[in-house]
Amino acid sequence: MSAIALAASIGWDREQMASRAALDIPDGAYVNLGIGIPEKVAQYVPEGREVIYHTENGLLGMSATLEAGQEDPELINAGKKQVSAIPGAAYFHHADSFAMIRGGHIDICVLGAMQVSQTGDLANWSTGSVDAIPAVGGAMDLVAGVKTIYIITQHCTRTGEPKLVGSCSFPLTGKAVVSRIFTDLAVIDVTPQGFKLVELAPGVELDYVRQRTGCELIADDWQ
Amino acid sequence: MIDKRVDSVAQAVDGIFNGATVMIGGFGEAGSPIELIHALIDLGAKDLIVVNNNNGSGHVGLAALIENEQVSKMICSFPRTANSTVFPDLYHRGDIELELVPQGTLAERIRAGGAGIPAFYTATAVGTPLAEAKEVRNFDGRDYVLEQGLKADFALVKCARADRYGNLVYNKTARNFGPIMAMAANTTIVQTGAQVEVGEIDAEIIVTPGIFVDRIVTVANPVHESRLVNDGRTYP
Amino acid sequence: MSAIALAASIGWDREQMASRAALDIPDGAYVNLGIGIPEKVAQYVPEGREVIYHTENGLLGMSATLEAGQEDPELINAGKKQVSAIPGAAYFHHADSFAMIRGGHIDICVLGAMQVSQTGDLANWSTGSVDAIPAVGGAMDLVAGVKTIYIITQHCTRTGEPKLVGSCSFPLTGKAVVSRIFTDLAVIDVTPQGFKLVELAPGVELDYVRQRTGCELIADDWQ
Amino acid sequence: MIDKRVDSVAQAVDGIFNGATVMIGGFGEAGSPIELIHALIDLGAKDLIVVNNNNGSGHVGLAALIENEQVSKMICSFPRTANSTVFPDLYHRGDIELELVPQGTLAERIRAGGAGIPAFYTATAVGTPLAEAKEVRNFDGRDYVLEQGLKADFALVKCARADRYGNLVYNKTARNFGPIMAMAANTTIVQTGAQVEVGEIDAEIIVTPGIFVDRIVTVANPVHESRLVNDGRTYP
């Protein structure tokens, strides 16, 4: 059995990755969640914390909970899924919404990634393929404007390529923007010295993570 | 007397000319003025430059306008949507141009166009391919890229309620680009779910003051794009 | 009796100047009125026209009519006088208000003047005196942003100096911004050729106006 | 739990430090957070840079703050108001600095500061003394001057109603600079006429979403500056 095939069965699953990331979102934070696994973070707010979710299409106070009969095709999130609004929510137009982002008012944004470099560069919008239709959405605005960028991603691509790399080969979304990465295998910080291990998923060995990381991984506390 | 109401969507889009720049409100289907877009298909104006966050889905609304080969260029942030095949086909054939703009930069460019700001600096896209060939300038130790305001000949906007002055309120996240596009167009054309008397909308809650609006048509029961797409509908 | 002393008793008075300017404001116009005589223009809207007044401190649909008991110190105009709001009025914040101005959405602005040059330069905010505290308010924004700038002013200063001049000696509010001037003596356009007479106040002679104008006044139709 | 309410104006202004830049809402007396200003006088912070459209009147509110020699510089558009003698006296003595900014440029600079725009171009003031020494640039045949975004350490804002999240609505033309100053300050301090439960203000009509607000104090019956001035009142 190859190491790659094993990868699916060890470490954190998607729900656990989201729940681990949720632990690092403090009470009272204003948070924007990207499409995919990041959306799940909202389901795992630890007891006693109140977190306000922003969706860049014009709502502060988004809830993924959708009661039957309350659906409105004009109440959607950035992924164009129907959502609901909490009591105390506010609607606003797109320029005001991105003023919140660009002006540094959103505390944390959790995004997916195609590649993250050891200097915190993020690539998550384009493979650079000439065939693909480029589509960027709000990702570049979010990484440029939000104070803290968290990434949730599988540690490797489906074909086993590392997503944490020395430098990104894909076109960038932003330079030096990522603070912390939550993968299926570990929690890793971007530091001035490079990637630094914060936590290993249960049952995952340091060497196993290192083999799947495209550059140095600092793990002084584990040696 | 000020009365911006017109009787039909055909009258509402009258005068949209070949080559016009047309801002179309909506984020996906939320706020998409689909009846106005269909009237624009009926009108047949060609070589349009269309500004919209996306590029429509299925074969109705904006996707149908593109499919009808009325659009020569799209200015948008995310030209990839579920059920979107029309734009990709034309794009791969080289029959439509794309100006890709980060979503927040797109919103701010539209707001700047409406507010008389010809250009502004933003940190968005610095160091990425989308900032290539753009002026970069440092303020207080950080790099920013120069972006230009965006104006249009026409805006097509959907709202919930309107009075004859053109004062508008919106529904939930259907607000999105409507208020800023209404500001940025020479002629702003609005479809409203309901008309109300002047004074019925509290002066404190008006989102788009009438000064930004030129024509209003009532579409009491607008269709939903997703339902049309699910039903396999096409336009015309 | 000197010509200057006469000036007070011939031509239009302040109310007539305002009423004459009001004739040139079309139905459906969005209009900003400066402090002083311009404020009076709102009282003279010709029968059958509907005009919407903008005040830059955040109200579209201002009315100078103030019913007893309805006063609110938080409902004021740009001159900080208490006003009221018509049905269909809208409140907004200062950046949105000046977006209306700067974005070219206000059709007409009627202002007072200290000097207007034959090229349409306006000086109406400062004498340039070193003793005076400079105060500009919204005048520079209005002249830069509003499509059509009308001026209502006495033809001469209290000491008999012409206010319509070849070039302004006072610091400018804006360059080449004025379209038309309503004085106590005449209505005068700013044209590419210079000042051009549009209309004389009843009983006022062309030469009388010319003597009180600081540069050439084109009046071909009167010669 | 998110609860931005504090119990007193003293708590609300706590931490405003010497040398801080403080934006103070209001256009004349409309929207002037006079109780917060008086609390700032009690606090005694010095060398403040104050951003306000005017400079107060009489010997209360902003005029009293200036008179108490807590302000080293005013950034404003119209430092001349009826009943305003405090600022002129200090200014003529050379004891206070003035940065004069056209009103719309001031509003846009504050909005830019809050929206993360470091600089923008505007036609306002081109060709006038207020554009001297500023960069002028031509776009599409017209000259514009470069203006920089304006941020603050603190904003003092007055609103009509607020909930514990900091969602705000205002009263009529007292709205003026409040919403944009709330965006542009690190710490936004609000006095509200009334507190309401979360959810009581319709999500469609909130003017300032809570994300821009840090502290809220209820001042149920705020004084009116003009009445204090007419009564010859002074502070402290």
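When the chains are written out, they are named A, B, C and D in that same order, and each has its own residue count from 1.
Just so we're on the same page, a contact is a pair of C-beta atoms (placed from the backbone, for glycine too) under 8 Å apart; a residue touches a chain by one contact, two chains touch by 3 or more.
This is a predicted model, so every value here is computed, not measured.
Least step count on the touch graph, chain A to chain C: 2.
Chains making contact with chain A as well as with chain D: B.
Simply put, of B-C and C-D, more C-beta pairs touch at C-D. Separating the CA-averaged centres of chain B and chain D is a span of 34 Å. In this assembly, the C-alpha centroid of chain A lies 29 Å from the C-alpha centroid of chain B.
Shown for chain B are the residues that touch two or more other chains, namely 108, 111, 115-117, 122-123, 170, 172, 203-204.
In chain A, the residues touching two or more other chains are 59, 85, 91-92, 95, 98-99, 101-102, 145. Chain pairs recorded as touching, per the definition above, are A-B, A-D, B-C, B-D, C-D. On the chain A side of its complex with chain B, the touching residues are 55-59, 72-76, 80, 85, 91-95, 97-99, 101-102, 121, 126, 131, 133-141, 144-145, 171-175.
Residues 27-31, 53, 77-82, 87-88, 91-92, 98, 100-105, 107-108, 110-111, 122-130, 170-180, 207, 224-227 of chain B touch chain A in their complex. Residues 1-2, 111, 113-117, 163, 165, 167, 183, 198-199, 203-204, 206, 209-212 of chain D touch chain A in their complex. The residues of chain B lying in touch with chain D in their complex are 108, 112, 115-123, 137, 139-140, 142, 144, 148, 169-170, 172, 202-205.
Residues of chain C touching chain B in their complex: 27-28, 30, 48, 50, 52, 54, 59-61, 85-92, 95, 98-106, 145.
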